[in-house]
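Shared between the two complexes below is subunit A, which has subunit B as its partner in the first and subunit C in the second.
== the complex of A and B ==
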């Protein structure tokens, strides 16, 4: 019989465990946190040095209100559609015996891996009318519904079927049980996924730009490139940051209780599947339709334009140099990101304190800031303060580190938290100093998770567009920027090889990695 | 192996007092059990000795050298106090031999030492196994070998058997006890299981709400508990209202002699005996009391019977440990063997 200490006491005891964190952990962590808030800080400086009158004037322009309306409108419509599609598909896949359930469950999360600007390229190249609001809605919904689908599948699997059985045995119908028992428990996961979708939609730069829908990111970019006066771009960026931060705070807030309920849940028995009878093929048809739009169509369009381009001849040399640059920058960026993430991750996982909470919140800036905003802020910073590294690799690496620190940190923290602090105490009691414990126990135990996190960050950097576009070293082209340039002049056949190379180089390994890591396990063994 | 001495150790977490002014001396080469219910502060005490918790006040000395005192707090890795946590906490990335070798310098001698330790805990030849290929009991024994390998001055064990199931528990407990005895280790074992504490330890320290209420040999703790709380905690109890006069106490079970210690003033008291002190017979003898069997829990080696004693006043319910084949509804005769303890009401 395990003894359980009273909750309050053990929590306090946990805080006592490790005492003050050592300086060799705190200093790099603080440095990383400072770097993470650098873009935001400099953006605010750049915005408010224009003077309050100027800021108010820009905010008061009639175009600004319309811009806010369009951006929030797109975000709301995309989020609503994603919730509808994500929850429906999750329910069908986990709770019904629809035909082809297993195959569809495996395919359903895949669109997440397609960069939205690649999907946008595929659409605009195939159906020229798919521009503006309609196109942006289709492409962003198709690319982001897995943000809802995946957590909802996981949540539905963690709902103890015994609860549903109790509800049925107390006289409620299957349908009422779903709404009163299952849906209630699944809702926090769905809401958190929905907020991620909204955040993604507001931050997305590539898709809305290719599809020519004037929301914040595109207008900021146009304003930045079209005029010498960059104050409007700064003011609009700040406004966008305010909106995304509000949503990101909401997302973080909804996520907490979900994680707690999952801890207690464990995986109970498998729920009995509902038989759909004649409706079964209809349900499968719905899911197939979603997958046709989100997966099959972009891939088909890509292959079509690739074939077209093949007959016209491919600029092999440029394709190869773009690929080389992409890989090189991604490797460097991933190393830079993880160099910051490891000390912060260990600090946050092992030394809970007010200081570590501040550090963690700071790093989270990358999660809330759109890539275009980070890029623009670093452009300002480079031009004014860091001229020697402006339009050189180091500034771009900083942008990558800021943007992907939350992802890298998540991997490190998760990997470190997997092992019990008791194990480290044993090592201490056997004569190891704290830094030896880190070297001999903590890091080796976390190594697989950290390695996987590094790979994931690297693959994500390969797909990054806005920061690379604005901050890349002069004359350098990556696959993403080449695709962007060719699409910009409607040279779809010339753009297709870059898109295809991106899919082969970044998208497929991402899928494999996420599968290996169990990110998709929610949909396995159904 | 070494003596551990705590004096005046206090620790509070926020407004919760975990330890209040605890004095405890663990003699060299002795196995001391710290026994108490959940949340009594015993784990905090152990973590203070190991160096993972810093007390608010008090001293801790190992072999006369302070490891905790005013302005002194020796780091855990420099105390020579090896810990065996609940569930073993083996390093999952190392095989069994590397786990045991963790606290040793890298050398040929160390490799020999690892083999010796594995032999000692009865796991010779399993050095290449991964921790997840071991049973719970084997993991616990590896954890012990790992703790003992660097010849620590003190070994502390935190509820080391609570994660094991009942059958395995007694066996692993005996094995661990044997190993600790064979090397004359100074050991502190924290447990909430009185049977474990009484059967393993040379001395038992009983804790209650952060206070050390009694420290003595297992026999003393069981037979002469300092107060009613301790008496209740270390085993089943029959509590009878009684009237003390001199060296005897009058109860519903008759006039009983009083154990020498713990003597309150004459007058009303609580008289206490253990269930095994009540002898149950099928027929009524001289000096015996009639009782009715309400219920019997049969354990195989003996049984615990709940009885109602017939008396002129209100009926009194008592527990008796017996080997007699009793059944619910039997009418029996009972009498008390040995002295009673008395506590103030």
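== the complex of A and C ==
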């Protein structure tokens, strides 16, 4: 039975054996989906309140079409650049003998630790003319290309080099082989990273507001804060949800035909490293240039501000409590998010059906919404149905789950999908109950993915600002809120210690993420 | 069996981090056990001192929640009657006006609103100002020494300042200035002014602090900003270390607009007495002196001196504009959008 072709038969079998998903998967999955669509519910309430005429008027404004164009344009350009940079860097560190590749491989994902608003501050202060589209593109690309780089590195380590060797032996150049064989094999990984980049770009407020580029988040924010009019904000947010779902479904469509080729175990053999010869230093130089812009530059700016602000003294106590609160919320938030992501991930990977596809799509609903919209949605529901936890930690954790569920889910789904359902079937046939199988087979096999998802969610929560600001327990400060407090009044110097602490703290889950994804296939230590 | 080890290491790390965080007490809710809950849109670093004093001296247990004024206004509007907030302390009149318009504020007695100088409380008594700030022109004395003599905001339209004027398009005070411009010059006049301003290619900054930085470094010759940023910079770095200077314009000029920060009591509060105590405290001599000295703003109660060398408020334009008129703000934003100055 083990020799049967993996594709069709095992999926068919999967459907027979796992026909009806057990309640202990369905319930948490439904709960997760219900939470994820809460903001949409709120937006629909606010949109319908306005009446159809007002909605049509807002959608018909000449500015609205331009806004959609600008937002999609920025998301497309940033995603394209991230795919190019992420895939190229992944290829250079995994497939070539580029000088310094080990060090560069470790440094490459670290820009994830830098919040986009910190990078934007650094950028604006040093290059004041580069605002608008150019500035936003540079900053967002620099902060998000690791979303592509990390999964592609993992995928490149796992794909069988035999296919490349066949291609080469049939006379294709190394270059063509890379783009026609290797790139195709890692496309599912790159696409899911690209999706995160695209949705991050749509939902980011910090960078576009500092760099003054009018995309959805900035216009929605202005609508709330300058005119206190919730209707245009709600209508535009609803439009943003629709766009998000279309993009998420589109991404699933692009990787559908390729995904089946991934079924099967990992590879024990390493790919041959290409000698780059004279081009080697050039390749290293390119990677170093990317790292200079995305990592060295913002960190150097922070150190400079930190040094100039030292004379004024540091509020050590606040720095420590802010750090403690940040860690606590990030840990609890990641646990809460993953508690929903794991059952949904198992459900969509093992029980493919129209219903599970709907659940998966639903989780994306809140992901591209600006934090302030999700926060106000939870304010709306909090004061009405959850007064006891309103402005308490539990509701804030729910907000994090709504915002970051897809990031955790992607990692879990990928990991579960990569382990063969046949192992679970064997465990079942030996008399284990379904829940024992989940506990002793499925979850341990998906552990690296779960760890990667947890790290990614933790990392993102640490940097989160707008929802934390509105939903935190009164008086609780995270590093992000302290940073915000300081930048509100003085120059950056007073904010620098918090920003620096935040970056240092965020490096931990980034390293963890890198390790978990590096070990995904366990072919080589990073 | 790499994966097992990773999982257990991950769990251990989570537990460890979590335990470490719990050891640090985690987030504590400062409104727990507080009588009076204040939502403050004014920054913690600006007003924490005076709110601490307020708690100490009035004996009211105070819990303060800080965020941006407009975010808090949006939050208060969503919360409606269910809000825990008793008092809203706002950085600008617009956010208070939004709540007043939605019927979320409790009218204040004339005894309270009469304490401030005329024009610094809501005409309907929905809120009262606590401090004020003036719009000024910041200038770099090397690049634009003539700015010392400026009397009108129209001077920044001079083509010789092409690309040399800094402003913060997203700033609420800038929006208020444009509203003042509309009141002073009419809709067509204001649009013409903005079109000329745009044609002069002014330089956008993210906020007033960066505008001041730009003037100080000589990136721009002139900057449109609020007065107290300059006083704070001088207080922080010393007068010799600050190159930029500021110019208060003529009292009838929209460029000399006065903006206010203020407070309003939320409708339906069960802490009305404490809330009133707090409002009265913020108008007390001690609190007014705090705003005059610590934040270099204008006191709104007559007869308070400042340690900073501020021109008397009476010499500046008396705000003849109803700053909390939101329909007006919406028109202002639409006009800025149309001209392309956002």
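Definition applied: the second predicted complex is superposed on the first by the 286 of 526 C-alpha atoms of A that agree within 3 Å, B and C clash if a C-alpha of one lies under 4 Å from a C-alpha of the other, contacts with A are read in each partner's own complex, and residues count from 1 in each chain.
Just so it is clear, contacts are C-beta pairs under 8 Å (C-beta built on N, C-alpha and C of every residue); 3 or more make two chains touch, one makes a residue touch a chain.
The structure displayed is predicted, hence computed values, not measured ones.
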After superposition on the shared chain, which partner residues are touched by A:445: those of subunit B (first), subunit C (second), both, or neither?
-> both
Is A:426 contacted by the first partner subunit B, the second partner subunit C, both or neither?
-> first
Touching A:331, do we find subunit B (first), subunit C (second), both, or neither?
-> second
Look at the residues of subunit A and decide whether subunit B or subunit C touches more of them.
-> C
Following superposition on chain A, which residues of subunit A contact subunit B and also contact subunit C?
-> 444-445
Subunit C to subunit A touching residues, read off their complex = 2-4, 6-7, 10, 13-14, 17-18, 20-31, 37, 43-46, 63-68, 70-71, 73-75, 77-80, 82-84, 94-95, 98, 169-170, 172, 175, 203-206, 209-210, 213-214, 219, 232, 236, 326, 329-330, 333, 337, 342
List of subunit A residues in touch with subunit C within their complex | 63, 124-125, 128, 131, 209-210, 212, 214, 222, 224-230, 312, 320-321, 323-325, 327-329, 331-332, 334-335, 372, 375-376, 379-380, 383-384, 387, 390-393, 443-445, 447-448, 450-451, 454, 466, 469-470, 472-476, 485-486, 488-491, 494, 512, 515-516, 519, 522
Taking the complex as given, what residues does subunit A use to touch subunit B?
-> 1-6, 8-9, 12-13, 16-17, 19, 419-420, 422-423, 425-433, 436, 440-441, 444-445
Can you check the complex and tell me which residues of subunit B touch subunit A?
-> 13-14, 16, 18, 38-39, 43-44, 47, 50-54, 75-79, 81-83, 85-86, 89-93, 102-103, 143, 146-147, 150, 152, 159, 162-163, 192
